[in-house]
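These notes concern the structure reproduced below.
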């Protein structure tokens, strides 16, 4: 299967806004992280367990397009998909949707390379890799 | 003049690290913001004054490539350039360099559209626009 | 009624950890904010609506005791109570409990003074004040 | 010597503000961390080196009184003092002063217990302890 989708929901915190009265653009990336962790969980994987097993998934590229501002107290859905982008690179894409009006506020993409505890690139566990193949 | 460069320096805070032992990828965007604000200041502009005058510069796109991790207590230089990308869009590019070894840790890009207080796209002050032309 | 309790649940984000492998102490305050906002919501109040109506509740004092570290992916419950501490001051107290083992990780307290849009101290809406009296 | 003072300077980042138009209260704690790290550095100690040597200084209590709001682009001075509060506990106190008008915006206090890598309470290096005695 080449693509799998998952959803996660969050509510915008006051701490995430800035004085423009909207969410600070840098704070979206923590939401996308929530998106991919919940996506993994829905597939039966725990990112925490993966990391405790010695494999981390650091971000090597991140990009976001902000179409409409997210605002304080908004309820948002993060729709995440993941796939192997090459033998070792994993790509996640995200759509951020406001529940109240169904509007897509942002889309984003992150690229990751699995690494061992000492920072060397490695392979994901086979079962996870096959799921993303 | 089509491109102007500025530099800013920051030191990595403990608060900016995560349990991977490196800086959380989402935190780089606050540094790039420091970069463009100091770039503006070096050109004789205050982003604060611009905003008090009714013009904000929200981010509509952001992208970063992470080459080597920034670590706690690292002293970093943010090298920023800005230019008009169209009649209304302003683009900034950033290189993040560690002072201790001169290594380029990341490069990034943000795109902005000036807006009035009620969120409508507007033009930058002429003098600033001409400097970026 | 002199004291009312509410609960909210959050899951620790990777972004909230630091290189000590636990949650950065400063990040707890955003959780307590979630606690008091959900507490208000459970009483039928929206902090967002309150603020749109011209009354904000800035923090004038905050204190936290950290007993056991919160860790990545922990599911936490924030137990909040609020009361009028004087004619104008509102006090919230918080207990942060890990769901997996019921352990109380931290307790905290914040003091607030309602202010108008131009920053002047004011009174809370009567109905809310009476609920807290 | 029972008390030693150090100073550090920061400029408020846009990312640190919230939609109240001032700095989010939880963000002050990252500044106090900058204060104590620079205080250590001014005494000839590197917190980074301390931690690489196996001793961390987690926060077990934190408290802040917010007197006047810090605002975007403010230049602030953090005045830090540290002392042994008991055989193992280290206490830091902070005053946050705005350079433009000399106004004290906040005062704060954090309590720490040195721990080893596996989280057990330990003693600070003798030379550091004596300096704080």
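Chains here go by letter, A, B, C and D, matching the order in which they are written, and residues are numbered from 1 within each.
The criterion applied here is as follows: a contact is a pair of C-beta atoms (placed from the backbone, for glycine too) under 8 Å apart; a residue touches a chain by one contact, two chains touch by 3 or more.
This structure is a prediction, so every number in the text was calculated from the model and none was measured.
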Quiz prompt | A-C or A-B, whichever has more C-beta pairs in contact | solution = A-B
Quiz item: If you average the Cα atoms per chain, which one ends up farthest from chain C?
Solution: B
Quiz item: How many angstrom between the C-alpha centroids of chain D and chain A?
Solution: 33
Quiz prompt | Inter-centroid spacing, chain B versus chain A (mean Cα positions, whole Å) | solution = 23
Self-check item: Chain centre separation (chain A, chain C; CA means) in Å
Solution: 27
Exercise. At least two other chains touched by the same residue of chain A: list those residues.
Key: 14-15, 20, 22, 24, 26, 29-30, 33, 72
Self-check item: Residues on chain C engaged by chain A in the complex (per definition of touch)
Solution: 11, 13-16, 29-30, 33-34, 37, 46-48, 72-73
Quiz prompt | chain C contact footprint on chain B (complex, rising order) | solution = 14-15, 17-22, 24, 26, 72
Practice problem: Under the touch definition given earlier, write down the residues of chain C that touch chain D in their complex. | Solution: 20, 22, 24-30, 33, 56, 58-67, 69, 110
